[in-house]
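As structure tokens, here come the structures.
Two complexes follow with subunit A in common, the first pairing it with subunit B and the second with subunit C.
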Partner chain A sequence: MKKMQLEICCGTTCYMLGANRLLNIENEMPSDLRGKTDVRALPCMGLCNEKELAGAPYVKLNGHVIENATAEKIYAKMRELLEA
Partner chain B sequence: MYSQLFVEMESFQFTKTGQAACGDDIQIKVLKDENRYLAVLSDGLGSGVKAHVLANMTTTMALRYLQSNMDTLQSVETIMDSLPVCEVRKISYSTFSMIDLRLGGITRIVEMGNPPYIQLRGDREVPPLKHETIVSNHWPDRQVECYELKMEPGDRLIVCSDGVTQSGLGEGPQYRFGWRRSGEMAYAQEKIAANPEISSYALARSIAYQAYRISRNTCKDDISCMVIYMRKPRVMRLLTGPPFHKDHDNEFARRADLGEAHTIVCGGTTANILERVTGRKVEIDIAKLQLSDNLPPPGRLPEVAMVTEGILTLTRVYQALENNEPADKLPTAGRKIIEMMMQHDKIEFIVGTKVNEAHQDPSLPQDLELRRGIIRRISAALNQKFRKETEITFF
Partner chain C sequence: MIDGSVFLRRELMIRFVRAFNNGSLETELDRFPVEMRPRQGNSSRCCIYHDRAVIKYRLMNLLGFSCEEETDEARTLASYYREAMTREKPADITGRLPLSVCEAGCSECPSSQVVITGNCRGCFSRPCMYNCPKGAISVVNQVSTIDYTKCIKCGKCTSVCPYHAIVKTTVPCETACPTGAIHKDNDGHTRINGEKCISCGKCFAKCPFSAILERSQLLDVLKALKNGEKVVAMLAPALMSQDAGPIEQLFTAVSRLGFTDVIEVALGAEETTAAEAAEFREKMNAGEKLMTTSCCPAYVELVRKFIPDFRQYVSTTPSPMVFAAGIARRKHPGCKVVFVGPCVAKRVEACRNGIDWVLSFEELFAMLAGKNIDVISCEPWPIPRPAIDRARNFAKSCGVTEAVISELGGFADDFKLEAKAIDGIDRKTVTTLKMYASGKLPANFLEVMCCQGGCVNGPCSLRK
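Up next is the complex of A and B:
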């Protein structure tokens, strides 16, 4: 199966608001999700000034933006995409 | 021709084994407006704290007199008259070398009691244009050697304390009179022949270490070596921040053309602009990431040495420069920026001034400074503390 693409924004705002804790996510994933993603860091996605979005940190999973991203939110989205 | 040159002045010292302070002192001052580079190396009588005080008084006074163009003999006599008298030896004593290098002009060196300087053009010794010995009426037993010489691009001056030339004294027949100036010069010539671009710091360090090794890894005296190297400046460029007007993005990105070893990009949006203009992608290697870094991981972009995050990284760099923190204690991104700055003589900052509103959000856990301010402060620190030439261009 094709791996999901997980992109983590490492711009200043995202990094300060929690992206730093997501960079090691591949090693911390629950066993059912491990090995199913390619994790990449990006310099800045430029989403921090988008007023309609809820806030940093931002990650993208297969192009879907996850706002106020946490590991749990990422896992939930991964499961949702896996089921779909 | 001379206005484009950079004068690299660096030194390395070892303190006499068992002493808490180095009895030699070196002071350097650059008078940019006059194109003058002043340096004084002094060796105080004895060793330890007392010698350091004598040496430090000497360098401080000598530097002032050089700066104010005071007559040589008068300067030397005033220094000798002012030094406190040693209780043990009943003399006031320090030896010193004073250097007044003028870009494009005559360089003057005044020595009293110190080993004679060495001028090398490539690995060839260059004799002075003029040499005279003067004797003070106050101190008839002390001779002052005055030299005039011409420094050409690529020339080096090596000045040291007698801890270098007398190293190894008594260590077997080879060193019956110590390493001597001839041994020191042959060693420097060998180092330069092997590495013609060797930096002042590397050469000074290498000479001092050799003197230390010759003395069987102890210092019987304080060892100081200073190297002055006149050469074309090594220029690096740091691009940070998106330009205020978006139409300037292309022009801004074009400034990243100094070559891979000389260009750094700091800032996510800045990196995005370069990606867009050059059509290349930034790769961030998170596999090697250390979580204890506390700075976002650096990335790679072809033809650029490194891409880093902006404000947090630059703030950390500023703190390290200001507090003299060793670069190797810093997270990767900060360490590499400082290492590159130290390897270059001139640092050009290309600064986009657009403010990222998200950085002003009061809910951020840390205050973020404006880029302009932090770059100005980095520039001032490099300038004042590390004698780097800096230039800031705003976009």
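Up next is the complex of A and C:
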């Protein structure tokens, strides 16, 4: 099966507002999800502009934007995409 | 997920820097509270109005004013901004503290108490009652009840209850404070006693309402850079343990902010190591019994304020920050220096030693975020002379000791260094230090770090 693309924004804004907690996500995934993604750390995705600052950190999963990303939100989205 | 109060603090800093860079800070400041907590939006506290008040006071601190300085509640943030922009130097903090309590943010937690919760089943064996040394517990209507005129809050009952039905509530800031400096005044408001506070920042780090604020010098640094002043950034070695990227890339990122130069405080730590080892040899050869480190400013404050008898043992060697400032000023005559680190107490030490400004790691990163500088997109900076590892290790507990031991290895002395470390200052270790001061010396070399694990776990660390 094709792996899902998980892009974690590591721009400074996202990093400060929580992306620093996601850097190790690949190793922390629950067993049903492990190995199903390609994880990449990217520079600023341009989503953290003035208005959307409070939505950081941003993550994209197969192009779907997840705001205020946490590991749980990412896992939920992964399962959703896996079931679809 | 990061802590909500950390998120708010960092979000505000980033907005602040962005607005400054756009030249719109003065006009935007008074709008921030409303924009961040609009009428239809959610609030983190009881209501948006309370949130807005707290945001206002946080901004006041970012401008370099503590909440206690407020004399006119109607004064606008724009007016504080104008005052800040004309000051030559940030407010002198000797005699005044870098930390203060934001009354609007403080939840005024009830004093610590032992409480019987609804989980009490009025059991037959009643260990709470039989273990209470003061006979303060009785069972009334099948529920344990505490007579508070007798209770001494020892908490024995909390540990013996088979249902975990008894809890001891705490006041997080008071529990965290190693010197009893933070307390409730008679009017019920929490305040910091300037005579007792050692600026360790533990209350700042532990308050779940994030109601302890730090008077910032961020605006002063932003202003100097904007005016094209020569400013050298001195990065504390703890930065290397913040998962913020390789040091070479961090250097490039920081230099893009407009600093004249960026240097490692660890270079100063190399000089501290040599001077500390020399001082130690001299003292031991002169028959002295003990020398303690002096690079942790909260510890130095602790001795100054609480254990004067111990002062004779504290080394007089300047800290890595002070040496680093010397290096920076020799290289760039006439420059201003800004120390960047994870420490609150450094603000006090800096003030005493002519260091122009101090920024926290968070403030530095907010500056990067404000300019959209990403560490991961930066080219590595060819550091002309990287500091040696043992100097970079100063930020970790026992790092200083190890550096001094390896430095002493080069000498054949009659005495032997016997090291002991205090890793983290709390009430217990304060008692231990007082015991040492009364003559029960532990070893001949004592390292004291106020933050457990060392500066890497400082109150303004990025690892939150």
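Assume the second predicted complex is superposed on the first by the 80 of 84 C-alpha atoms of A that agree within 3 Å, B and C clash if a C-alpha of one lies under 4 Å from a C-alpha of the other, contacts with A are read in each partner's own complex, and residues count from 1 in each chain.
As a working rule, contacts are C-beta pairs under 8 Å (C-beta built on N, C-alpha and C of every residue); 3 or more make two chains touch, one makes a residue touch a chain.
Since this is a predicted model, take the numbers as computed values, not measurements.
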First (subunit B), second (subunit C), both or neither touched by A:Thr70: second
Which of subunit B and subunit C A:Leu53 touches, first, second, both or neither: second
Touching partner for A:Cys10 - first (subunit B), second (subunit C), both, neither: both
Contacts of A:Asn20 with subunit B and subunit C, given as first, second, both or neither: both
Which of subunit B and subunit C A:Val39 touches, first, second, both or neither: first
Partner chain(s) touched by A:Met29 [first = subunit B, second = subunit C, both, neither]: neither
Residues of subunit A contacting subunit B in one complex and subunit C in the other: 10-13, 15-17, 20, 23, 41, 43-44, 48
Subunit C to subunit A touching residues, read off their complex: 1-2, 7, 10-11, 14-15, 18, 36, 243-244, 253, 362, 365-366, 368-369, 372-377, 462-463
In the complex with subunit B, residue positions of subunit A that touch it: 8-13, 15-17, 19-20, 23-24, 39-44, 46, 48-49, 56
In the complex, subunit A residues that touch subunit C: 10-13, 15-18, 20-21, 23, 41, 43-44, 48, 50, 53-54, 68, 70, 72
Residues of subunit B that touch subunit A when the two form their complex: 267-269, 271-272, 275, 282, 284, 286, 289, 291, 294, 296-297, 299, 307, 309-312, 356-359, 361, 364-366, 368
